[in-house]
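All remarks here apply to the structure that follows.
Labels run A, B, C and D following the written order; every chain starts at residue 1.
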């Protein structure tokens, strides 16, 4: 109840600071019998690893995950799955200004206000490094979803004002460029833009889009725990995210009902389908069987090396220049964080949907009837 | 755990369907000693009442709230506050097509998929009428916040593409027009636009903005229960909301770090303040003492009287024309829903922030020290 | 989070005070499709009604339940089931000493300490009348369990030191005497004892036993949410309960491992069964397929008309004589409270057990596989 | 939501199996500013260490705790405190019969029923070793309570039918004997009894008593989250516990109201006190300022080397003789588990009590008023 637990049936608790002993996560509520290996989780973690290109920090984190419990003979046991990533480099060093001066755009000031003091080393608990625990936990959720035929896929939709063009969209291309953009041309333009930004000791933002396919209709709860409401929370819980939208999103505010409504029809097999997907796969907060499509807006990296106005903890004004190398853009590394937070959300609500109907429950719990 | 409970320390559970016996809410966790009357709650409910102008349905709901428990001698007792609004008109009537044909843009189809059947009368639990319970509960939260000097205020920011102009912004004006727009000229233009839309048997959407002032720095929890993450969930849990953004929101994705970062300075009394508020009042998910500013995008009313493509529950294609009068726009009635959901969220996190520091707790729990 | 919510998947929130406008409960998470009527719930409520014999108060409460939501065409819809019992008699009257003097054995003093003041009318929220909400909610849980072939049955096991004799145990007999004792002779002896106690202006306690049959093996979660741990909480949450034990209970502390362990064997159909049931139906907190057998110890009614030492709210010593008629024993009316709290607990954990295995979930969530 | 999370504001999640890589716990919600070292936690863990006397297994576990996060410069930061105890000895070895034959009195059968298979090595997650995580987390809770002047102390009250005599009660003595009995003579008798039991290849049970002193009046929530209800759950969640009672407990069922009620009087300083403590420190589920006194009944160690009737996983009857050394009695090692589970419960409810009154909250949250 201090914000480090996520989910209800499929639940994770994360821990760890940027420059502490490590980062970790414990998954509780993963059903028994799911095949799971460290290598599968590691593949997700590798996608958020820094140092993979010009637009990421050079620090080599390594981030080797170790599964400590909850897996036996290659399958989940139904009991907690603890995973841990030890920090390689925790030497005590000079944190200089960061220790006393509040960095603009960071949580230094608010942590001090909330807790009375803070672990100032590299941002402590408010560091982006905290997301490693989510990614490890979310990898398990993604694997669980796959066992039900559900696939979650995120990618970079825009960098600054350079956007993936629908007509050039090529999902395979996202794996070919360091920005994870599924559009070769947009990726090239975005790289040029980022080079300009970096030359000015500045940073950039962008938008990540995510699509969930294969999710059956009926997932998400009415009223407060709507699928889109839970996804919105999941996205805004990621450090630099400033906005969330599903389907037409903010664009829906500009459409009329006639333009925005999705009709219903029957497919060749007589199954009900929607004639369009302006809604982004949810109606009344419950999945409608169409792809769930949503976006998260990510602000520019707040750590820039230009001088900025600030104050010290002791209450003196001070100009701050942040040293060291920082990602000029968070977006590419956030892609897998968006994807795994979406997986955690969908997995939890999918499990919850299993208990919504008496007839289905009777089929599970009294199979002999 | 089926989505009808909201909040952790300050908690509500809502119930009720559009055409059932009534709508209600129970508040648990409101601290003891808060002055509370039915009239105070009624004022909030009256703001979501339909039939107040051309752009709202003519149905007279009344919506008189009754407080059933938890208040004694004019003050909250610390035990559950049950509130109830009896539905006036629940005559059995002909629901015609709605009973069998899935309305586009509504939750008819997804409720059937989730639960196997549904209360089809007026949308049942997925009706906008469900929000009456939230508003009653949120009114208590808003009154609690006032006891701490915190004020929550929402208003219509745009209707279709007609937006409140910053230079004409006048909060008092919002009470003078049926659209709750704090800009007389924009309200007039929006009314023209809505008349056109109605003439075409169509509907419109818009954006609601909300500002929380007086919230001390330090509210909101790190990682998953960030203030903005909780607000995002609160907003998307409202039926027709398709997007959420805080501060610069989606615009932040277009800014550079240098443009978006808020500096720190000292005010005349030597207190720390930000030099701007692009962040919208949160840093790392924790309130920073500036106004919390966020927006919710609301889609056009899905009930339109034009013919729409649909299918029946039994799996036949059918053209649907929705009869009866419906709001051509939900936005004005959603303003108080946005406001009260924000109040519920802020009240809960404010209470939670009371237990984050040992020194503060010792002051109240070991008074003799 | 102020103690008025019970359960996780099958969840209730109760409200109401002894002399307020009414008592109520909202059930969230009951699966859709369960047949449910007010008459079914009423039957449970009638069992806790006072005024049914010499050993219960004469006040006629009536306690007519009204279902306000969540049921459509005779079946639960999967959305919240609100139920309400209006108090008949809430005339303002003279509460005399109770208003200022703390009654021994009651929560008057502790409510004042916790909340700063209290609704002193008839005990307010700490009145035994609060259990009416639980019983109504628990009736739904009991009916849900029946749909899975699970039956919960409680009865009076002892009154003072008069205990049901195993060799005379006759479940049908419990419906024939006002003490709900399944042993005619013990019931007669207990009535004599109670007459003596009443003649001395005193009161008595006893033990309620409860048996859950038909619960499949595998219900209850390892570690903290063990079936027996949840039952223990359920029982101690009932006002006058001072102890809980399962199977051999406190007697197990006197046995050796060889005496207490239950062996395993095969029944005629080759199914695994235990050779005894000292454990009371749980192993490691998980149901083992045997009957779940537990007991709750209930203290004597604290309201007695003898003079007692007390103090006033204002801090003066005062001798207190409680006027009015009070049950000389709570036990018989507690039987249905024990039974319904057990039903709530078992229903919740039964639903939770549906999501513990991947293979079972795949059968319902990916039916096409 | 699979049973591995305990608490609401002060919350722990535990993980780990008997013969896996380790055991651990993460604490979320500990207020910032509490001094905390590994040595302080280790002192609690050392008390549950086996191999400390004749009546405990010879296996040397070591159990060195490592704090991985949440502590900076010697104080808690308000963010999650992850703690880990690596298992020293996880060599793959021959588990022989245990792999296939269900041990009487253990959770082997029920885990298989619930999850479809299990980690059979040393009991896996259902091993008593699981409690190491609770003890580490509970140590933090105990230290937090001390910061508020609250002390939790458990001890062995009885072994078989040998009970601590009130007139010989000497708390210091408990540290002098391997049974943690605060009565030298009873401890000597209990040792004789255990020697007899061991000679018969059998095992014994007993009762642990626990006292919480210094807890202010007003802790515990009405209705479901009563202090005693939460303690009952805490106790029954410990593997071998079969019963819980508070104050007079089951004895209260034999007393009359006149015998059981505690009167109120004023102490020398005019403060309200009770004239006795039959209630065990709670009235209506809320602490009354007196010591909270409760007991947990613990069954005999189920692992005995005598032949027992059992069946195999494959459904064949088989006689089982459990090899290896096992504690002939769990009680002494359970003392610290009882104590730390009580600390977790009291710490959580103490924090929750901080938000029950508006006046106190205003003192914390708007100190300048």
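Please note the rule applied: a residue touches a chain if its C-beta (ideal position, glycine included) is under 8 Å from a C-beta of that chain, and two chains touch if they have at least 3 such contacts.
Computed from a prediction, not measured in an experiment: that's the story for all the values here.
Think of each touching pair as a link: the shortest run of links from chain A to chain D has 1 of them. Each chain gets a centre from the mean of its Cα atoms; the one farthest from the centre of chain C is A. Note: centroid distance chain A to chain B, computed from Cα atoms, is 25 Å.
Computed centre separation for the pair chain B/chain D is 44 angstrom, with centres defined by C-alpha atoms.
In whole angstrom, the spacing between the mean C-alpha positions of chain B and chain C is 38. In chain C, the positions touching at least two other chains are 1-5, 8-9, 14, 29, 32-33, 78-79, 114-116, 125, 216, 222, 352-353, 356-357, 359.
Chain B meets chain C in the complex at residues 1-5, 7-11, 13-17, 20-22, 24, 26, 28-30, 32-33, 66, 68-70, 72-73, 75, 77-82, 84, 114-119, 124-125.
If you check the complex, the residues on chain D that touch chain B are 1, 8-9, 29, 31-34, 76, 78-79, 144, 147-149, 216, 222, 350-366.
Looking at the complex, you find that chain A touches chain B at residues 1-6, 8, 14, 102, 104-107, 109-111, 113-116, 125-126, 130, 158, 160-161, 197, 200, 202-207, 216-226, 228-237, 239, 242-250, 252-266, 270, 272, 275, 279-280, 282-289, 297-304, 306, 308-311, 315-317, 352-353, 356-357, 359.
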